[in-house]
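Once you scroll down, you'll see the structures, which are given as structure tokens.
There are two complexes below, and they share chain A, which is joined by chain B in the first and by chain C in the second.
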Partner chain A sequence: MNILRAVLAKDLLSEWRSRDRLPAMLVFALLTVVVLRFAQPGGSLGGDPAQAPGLLWVAYVFAAVLGMNRAFALELENDALAGLALAPVDRGWIFLGKAASNLLLLVVAQITTAVFFSVLFGVDLAGVALPFLGIAFLGAVGLTAAGTLFAGISVRTRYREVMLPLLLFPLLVPLLVGAVQATAGLLADGRADPGALQLLCVYDAVFLIASFLLFEYVLDE
Partner chain B sequence: MNDPTETRFERRALAAEGPVAIALLVTSAIAALVIVRAPADVVQGVLYKILFVHAPAAFAAYLGFVLTAAGGALYLWKNDEQWDRLAVAAAEVGLLFCTLNIVTGPIWAKAAWGKAWVWDPRLVMTALLWLVYLAYGLLRSFSEEGPRAARFAAVYGIAGVLLIPLNYFAIDLFGGRALHPENLERQSLGVGIGQPFLAGTIATLVAFLYLLLVRFEVQGLRVRVERARLDEASGEAS
Partner chain C sequence: MTSAAASAGAWAVTAVGLEKRFGPVSALRPLDLTIAAGSSIAVVGPNGAGKTTLLRLLAGLARPSGGRLEVGPAEPDRRKRRAGIGYLGHATLLYPELTARENLAFAARLYGVAEPEARADALVKAHGLESFADRRTGEFSRGMAQRVAIARALVHEPPLVLLDEPFTGLDPEAADALAARLAGLHAGGRTVLLVTHDLARAAAFAERVVLLRRGALAADVERGDSEPHDFEASLRAALGGRP
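Right, the complex of A and B next:
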């Protein structure tokens, strides 16, 4: 637990000092929303409400991939990653620390994007703010659990920035189905489909446990 | 000819190649005969016979993906390179059969359903797995050969198999219509189809085994050539 806190604090401190990941994620997510808005058939107000949840999650996934790519790219400088690997601690906890900092940044980006999105697409998210936040959080946990593991892999391959989405997207389908269905239910009649929430929770649990155990082999120097 | 680095598992795999090749010839000849002689369907004519390739290819593909994960897990556990070679071979041969399955499906569906692609759960699931193992191949070719690449691939192969049950629930939730028969036991196969189906399945699985063995051997040779080249280079340098 101490390790988790130490890695999280280190990541947040370096983010606070450099302030490069969060702004990049925010601007990228907002730009994605704008592009998606114009990718829809015209109309002066709002977009197609049926498509809104899916488009919002596309923006979230893009922002998450951008942020997680940076998370490990920073560690490569000055061989900080080797330092982490040499630390005489269980690497699963290092993973959780990394994932927690990714999660925190992603949730901030999600909330900001949601506000912008609800204005541009004419979707009322304010009325269901709390349950929406819950769904966004569940989705973000799964995204960062799988994403942090594969960012650790992709950063040490050729074409690192390209490799993360290639590895991650095929694995994200169940998460996206759950998150989009839950959000759609919430926007349509104020309550999320319990099956979708269940799927989100199971996905989160599976990838948290698997990544916790498998990170050992990813960080192995 | 005897390589001291060859493991017992590898020697057995090599020795099995010949007999399996003969078995492949025999079983595919039998399958071809039985399938040709199987009665034509009242509605579909001979078209339905693609099933004798389509369904077994799916079995072989799933077997390949499970073996990829098993090989990866054994490699991480035992740290023995031969399991990584097995995982590579299984992933590639599995992807081949998965491709065969995905290609034969639409050929049949276009004629029988009138549409080449439908959002049927089993179809979507196989297509998603196909993408996962395509990414597995990319991961291998984009990372430097060596223990690190093997570890990364093992992690990804294990995650890919974890995805199978999750996808199953997701597609159910997504609302795909089930157009595939629930099970392929005797009841759901028509009269006179059981035998060719069995023959096709056996022949396909033997073909899978043969290709797996050959690919396993090739991977072993590739690793040795790479190592010999490195040794030579370091010998010149010193």
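Right, the complex of A and C next:
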């Protein structure tokens, strides 16, 4: 647990001083929302709010991948990744520290993007703010659990910026199905589909446990 | 964890047929090498000789492609093995957005050192880093960063110290201070392995110098009772006039 806290504090302090990831994630997510807004016929959802959850989660996934790619690229500077690999600790805790910092940044990006999305598309998220945040959080946990693991795997490859989405996107399909369905249900009738929520919870648990265990080998050269 | 490693005394190293390949390229050919606990040893050789590969294998940062490697006490738990190794590579392992003191405290936390801030303060003082300890390491010159990196490698008082070109970027005064520190570590019973191109430094510090060439052991020279100057001359002779 001390290692988790140490890695988390180190990552957040580095981010606070460099402002390297969050602004890029925010700008990217907001630009995605703007582009999607203008891509809609007539510049709106055209009376079909069922599209809103899908569009929103597309923006979330792009922002998350951008942030997680950068999170490990920073570890390559001065070969700090080797410093982590040398630490005499269960590397799963290093994973959790990195994932926690990715999660915090993603949640900030999600909230900001949701507000922007709500205004731009005229979708009322305020009335379902708390359950929406819960779904967004469950989705973010799965995104960061899988994304942090695969960012660690791809960081030493030559084409890491391309490699992470290539490895990650297929694995995100179940998560996105659950997140979009849950959000759609919430926006349509104020109640998220329990099956979709279960899918999100199972995905989160599977990837948290698997990533915790597999990270021991991810840091090996 | 850390105190246990530190109190375990010096660590020995035994490599039998140790080999490392990167695809079709053999970075290290089957190598037999024994390093006694508490010894000081320098590894020299031209670029591409396999010195850094050997050091990374010893540190546990790379896995051997073949052969057997024993580092420290027989210990199946890799975490406990890592706890006894202090490593400085080509890069400094420092986070540029953190200050020198924060980098040292973070490393102390990774190694489970009790009171990491106090340990960082002690290292700052011991290594003479006070004047720039609270500046971000991203602003440092190579020499300043190298001094912090050396302190970082010793944060947990490891029984086995592995250093890759530690004199790089240091001014003569700092290099002499480091040489004295390394001698102190060896005198304190630690095993110290140094990779360097500097034969004079190697001769002054090490009891034994190993020459690698094209990934293979080319010479293994003991200092014995000779003076550093004579040892350096015999090294040059053994190396055929070039490191």
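In this section, the second predicted complex is superposed on the first by the 214 of 221 C-alpha atoms of A that agree within 3 Å, B and C clash if a C-alpha of one lies under 4 Å from a C-alpha of the other, contacts with A are read in each partner's own complex, and residues count from 1 in each chain.
FYI, a contact is a pair of C-beta atoms (placed from the backbone, for glycine too) under 8 Å apart; a residue touches a chain by one contact, two chains touch by 3 or more.
Note that the structure is a prediction, hence the values are computed from the model and not measured.
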{"item": "Which superposed partner A:159 touches (first chain B, second chain C, both, neither)", "value": "first"}
{"item": "First (chain B), second (chain C), both or neither touched by A:220", "value": "both"}
{"item": "First, second, both or neither for A:79, with chain B first and chain C second", "value": "second"}
{"item": "In the superposition, chain B vs chain C on chain A residues touched", "value": "B"}
{"item": "First, second, both or neither for A:167, with chain B first and chain C second", "value": "first"}
{"item": "Partner chain in contact with A:195 - chain B first, chain C second, else both or neither", "value": "first"}
{"item": "Touching partner for A:89 - first (chain B), second (chain C), both, neither", "value": "second"}
{"item": "Doubly contacted residues of chain A, that is, touched by chain B and again by chain C", "value": "220"}
{"item": "Residues on chain A engaged by chain C in the complex (per definition of touch)", "value": "2-3, 6, 10, 13-14, 17-18, 74, 77-80, 82-90, 220-221"}
{"item": "Chain A-touching residues of chain B, taken from the complex the two chains share", "value": "76, 128, 131-132, 134-135, 138-139, 142-143, 148, 151-152, 154-156, 158-160, 162-163, 166-167, 169-171, 173-174"}
{"item": "Footprint of chain B on chain A - complex, ascending", "value": "146, 149-150, 153, 156-159, 163, 166-167, 169-171, 173-174, 177-178, 181, 193, 195-196, 199, 202-203, 206-207, 210, 214, 217-218, 220"}
{"item": "Chain A partner contacts - residues on chain C that touch it in the complex", "value": "1-2, 5, 56, 59-63, 79-83, 85, 87, 89-98, 102, 106-107, 109-112, 136, 145, 152"}
